[in-house]
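Each structure below appears as structure tokens.
Look for chain A in each of the two complexes below; its partner is chain B in the first and chain C in the second.
Our next item is the complex of A and B:
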């Protein structure tokens, strides 16, 4: 047993623990439904597919968040980047909708990256300000006239359609995760993100262009948020103000539960994916159990803090 | 005056040793100082002076040995306990909080209180009295410390120490930041304090200060107390000899015969802020040029300026005829310049400690192991294996975290990382600090091999023996400029120390003439 534990890399511990917790959530939920209803809906493929489909929006936003957390930064502008991208995409409409939304994400990311890397403003403050400015812009945008909020066909198809019984949103999530996974592991940019997140001074003195790395990560984060926002608009058939508000804290939580160090420097993409699944299932099972909102919040928060405590102990033992 | 009070030592150390993670900073030190006397502590960089005063001021506790205050054995668990015994320290690095007022800073540990709340009026009056004592009436106690010049801040620091009613005042390079006027004032105040029966421990690199001020002198070397004597018992030359010692600790590879070498790097009139004040230097291919001098005379800034880390550098530097000054290390290491820097602190500047040896080795040369945007795992693996092989890095696996390696092997990783970029100018900032003798010798050997292969090496070391053993030429810095260049036989410890202390200008002028600069 110990031999097996020793062979596991420290980075993988959180992933295994989170994965185990996912199984526990499913079993506990099934035990509950078996006693109360006598059925096991949680284990049906259809239920799981639906959960993953809902998880895809959070999953994509969390991948972007992970890129900046790996640097020891944070992006609090995700909610309104999502909303702004979705709202601008729907008001442009037609084939230009998705490129417009992505362009919004790119611009926000560039701006965030510029503020953090060049103006050296702490990311927590700068992105919070950007979030507020975006909200103001969107209010102004909808104030004078009623822009179109209807999601385009393509957006709806990507978010709600299915191919071979698998939700398309899941394909989008998987594709983005695959690309970012390769970027993080196999490109100079990805390795530079880890180096910069570990010790910016050492990375800089190694001749890594740390400012570009920071800007690049924020751009990826903005693009991911924009993609998540547009998918969400497709899923609910329209874009609306405040649509991204429920995604900020879960996206940070998913990254951290997945084992990424909140101060940057280490973490694996698989962990973030598992973290998203954990959060989505936890929410779903708690609502099946008809847990009141207050209880759900308490359990949700306790799980996040509890997981971090467990990881902290592991880190001490392994180092 | 009760003279008997001053005949017995006030603070006495017996057999004190201090080890930092196995590295010896002090070894078996017996030391005593009295009240009513100014006692100088002299020694090279790393001789153990700072550790000595940290032990006395309660900042660190000794690994072995005892400390007695007025004959009583004491063990301090923190500086506040030392202060309550009357031992007060003015530290080299300023300990003031820039965003608090002068009065707040002076009374920070024990502010005057009324009904439990801080009495601002009394606090300001107290600050005014203390500042008046050191002729600093122009400093308003309500001003923020950050609005003051460096010299005034240092004076506030001294006022703060006086406010603690010291019986023994420790001054660690406390005059290094002062203007000439303030130095005069401090001398006067120190004289008055001595007459009042306060003991002082004075650490300074300025020989003439020590000569003018101190009654007794102690020399430290390699963590050991060498000798203590009264002023006037030894000449300046004797003191310098005591500071150097005679032991030969290192084995160095043989140096080649001096030959004229075409200059690869030419630095002229390089200036930055007030740390570099017009540096002129040339380094040829195949040559190891040492940078000597005391800590903080601009050596580090010179290396950083050449590596593109500093903004607003004036003057010029060229490599093979092209401008060498850049605005980032990324450009400095590019194929146009091929500069590498092994930085001062490997733990914070050289390595990403939690990351693997592989990641650290590749950090400066991703583009060399990539195919398009993707890192080629085969190339990366081969490059890492070659780096480990070349420097004989002892590691279980290339995937192990660098933090698990010994200090010497960590430094080898930093050097290997840079050698993978095929540099032509290698800047080394004290690369052998805190590593074992065996690895040091490997590094000396490697430096000579690199030079023989046609690279230019600029090597800053705080260890004079290294400069003498390794370098074809040594440039000694003082006050942000090069005050002496020594070559061949002229590289002796006496000459380096004399130039470092900037005491024998006639002699250094002669050396200048000799080397034809």
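Our next item is the complex of A and C:
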């Protein structure tokens, strides 16, 4: 038994625990539905697909957030990057919609990266300011109302269409996860992100252009947020004010539950994906149980603290 | 005399951020009154003070964990929770009201203590623990007050949200506020007295204790603080407990001011984010070790005065969020001057 535990890499430990917890959530939810309704909707492929489809938006945003957290930074501008990309994409419309949205994400990422890497303003406050500015721009652009323009056919197809019974949003999520996974594990840029997150001074002295690495990560984060926002607009057929607000804290939580160190330097992409699945399933099981909002918030918070206590503990600082 | 100036000079050099924030606040608030049609009057001062107190308390709550290099994402939620509790307790006999106040503030303090225990004993990162406990606090707030409402003693609301004259009038002190000796201070808004009173009675003495100084040591270099035998665990728990206490004070005042409690999740989030902005504007370093709760208080006042300007400058309401964001970005970018001046780039890295 000990031999097996010893063979698990420390990085994989959180992923295994979180994965185990996903199974426990599913079993507990099924036990509940079996006793109350006598059916097990949670275990049907269709239900799981629908849940994962909704989880794809959070999943893509969380991947972007992870890129930034790996550096020990954070991006609080995700909510309005999502909304801004979705609103601009729907108002441009036509074939240019998705490139426009991605361009917004790129610009926001470049600007965030410039402020954090070159001006050296703490990301926590700089991205908060950028979020406020984006909100201001969108309120000025839309007049404070939900824009009347509709998402394009392509956006709707990507978000809610299905191929071979599998939601397209899942394919998008998987593709982005695959690309980022390869970038993190197999490219110099990915290695540079881990190095910079561990100790920026050391990375800089080893010849890594740490400022470019930071800008690059923020750009990826902006692009991911833009993609998530456009998918969400496609799913609900139009963009609306504050559409990204519900994605900020869960995306941080998903990244951390997946075993990424909040101070940067270590974490696996698989963990973030498992973290997102955990949060999405927890939410859906609680809503099947008709848990009131109060109970959901308490359980949600307790689960995060509980998971962290199992594997998120720091070494004691003694020198 | 000379030594006084010398001391002041050292103090200014050591607390550039704080004095800069204070100067900025004085300037923009002075011009606000100049531009206001009824400027320099008690009414304007009272109205402004009322709108600032809750955020100022939450900003002080945020400043203390930031000093040790942490961050408390639960301050807005704890404030909301305590406001919800207070909205149901602050009526009846004077004893009942006082009891309600004590329970409210103690709840906030206890929640902060719980945060501190989890962070210290669990050895977890404050930012992520308080993200989770913030959700727990919101859950309790929704349990206490599933829909907005509440009942707060009318006299209490009137007395605490007006000038000292009205306070004395309500409670029959100083001949109902008409005594001659009372006139020089009769214009002072009660909310400001509460705010600065709590700050002076709690934060200033605490800062002078060993635990208080340890906060700064942890923020500067935790390893060195440990090797010097400072009480690290105690100071960390105290930091989050105090944060809970100040958030509780903010919630208590919010409930008295609005006479209601409302478990509003977006509002709690907005208070938390504004508290971070206030802390930075008030000259507290997000890396820890530099600044004070008083600085964060000033930062909160600056943030509020900026929003007051929108009313008198007749800026298109649609452009207000944009102007607010740009001002915030510009204000925090002032700190970037240091980064551009530094000669050895290694000094930029943490």
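Following the convention adopted for this analysis, the second predicted complex is superposed on the first by the 306 of 319 C-alpha atoms of A that agree within 3 Å, B and C clash if a C-alpha of one lies under 4 Å from a C-alpha of the other, contacts with A are read in each partner's own complex, and residues count from 1 in each chain.
We adopt the following convention: a contact is a pair of C-beta atoms (placed from the backbone, for glycine too) under 8 Å apart; a residue touches a chain by one contact, two chains touch by 3 or more.
Bear in mind the structure is a predicted one, so any value in this text is a computation, not a measurement.
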item: Partners on chain A (chain B, chain C) - clash or fit; value: clash
item: Which superposed partner A:236 touches (first chain B, second chain C, both, neither); value: neither
item: Which superposed partner A:186 touches (first chain B, second chain C, both, neither); value: first
item: Touching partner for A:33 - first (chain B), second (chain C), both, neither; value: neither
item: Touching partner for A:160 - first (chain B), second (chain C), both, neither; value: neither
item: Which superposed partner A:265 touches (first chain B, second chain C, both, neither); value: first
item: When both partners are placed on the shared chain, which of chain B and chain C touches more of chain A; value: C
item: Touching partner for A:204 - first (chain B), second (chain C), both, neither; value: both
item: Single chain C stretch clashing with chain B - from 2-10, 74-82, 272-280 or 308-316; value: 2-10
item: Doubly contacted residues of chain A, that is, touched by chain B and again by chain C; value: 199, 201, 204-205, 319
item: Chain B contact footprint on chain A (complex, rising order); value: 182, 186-189, 191-192, 194-195, 198-199, 201-209, 265-266, 319
item: Partner chain C, residues of chain A touching it in the complex; value: 76, 115, 118-122, 124-126, 128-137, 139-140, 143-144, 199-201, 204-205, 210, 242, 245, 249, 252-253, 256, 262-263, 292-302, 304-305, 308-309, 312-319
item: Chain A partner contacts - residues on chain B that touch it in the complex; value: 307, 309, 328-330, 332-333, 341, 343, 348-355, 359, 362-364, 366-367, 370, 373-375, 377, 403, 417, 421
item: Chain A-facing residues of chain C, complex; value: 71, 118, 122-125, 127-129, 131-136, 138-143, 146, 222-223, 226-227, 232, 266, 269, 273, 276-277, 280, 286-287, 318-326, 328-329, 332-333, 335-336, 338-340, 345-346, 348-350
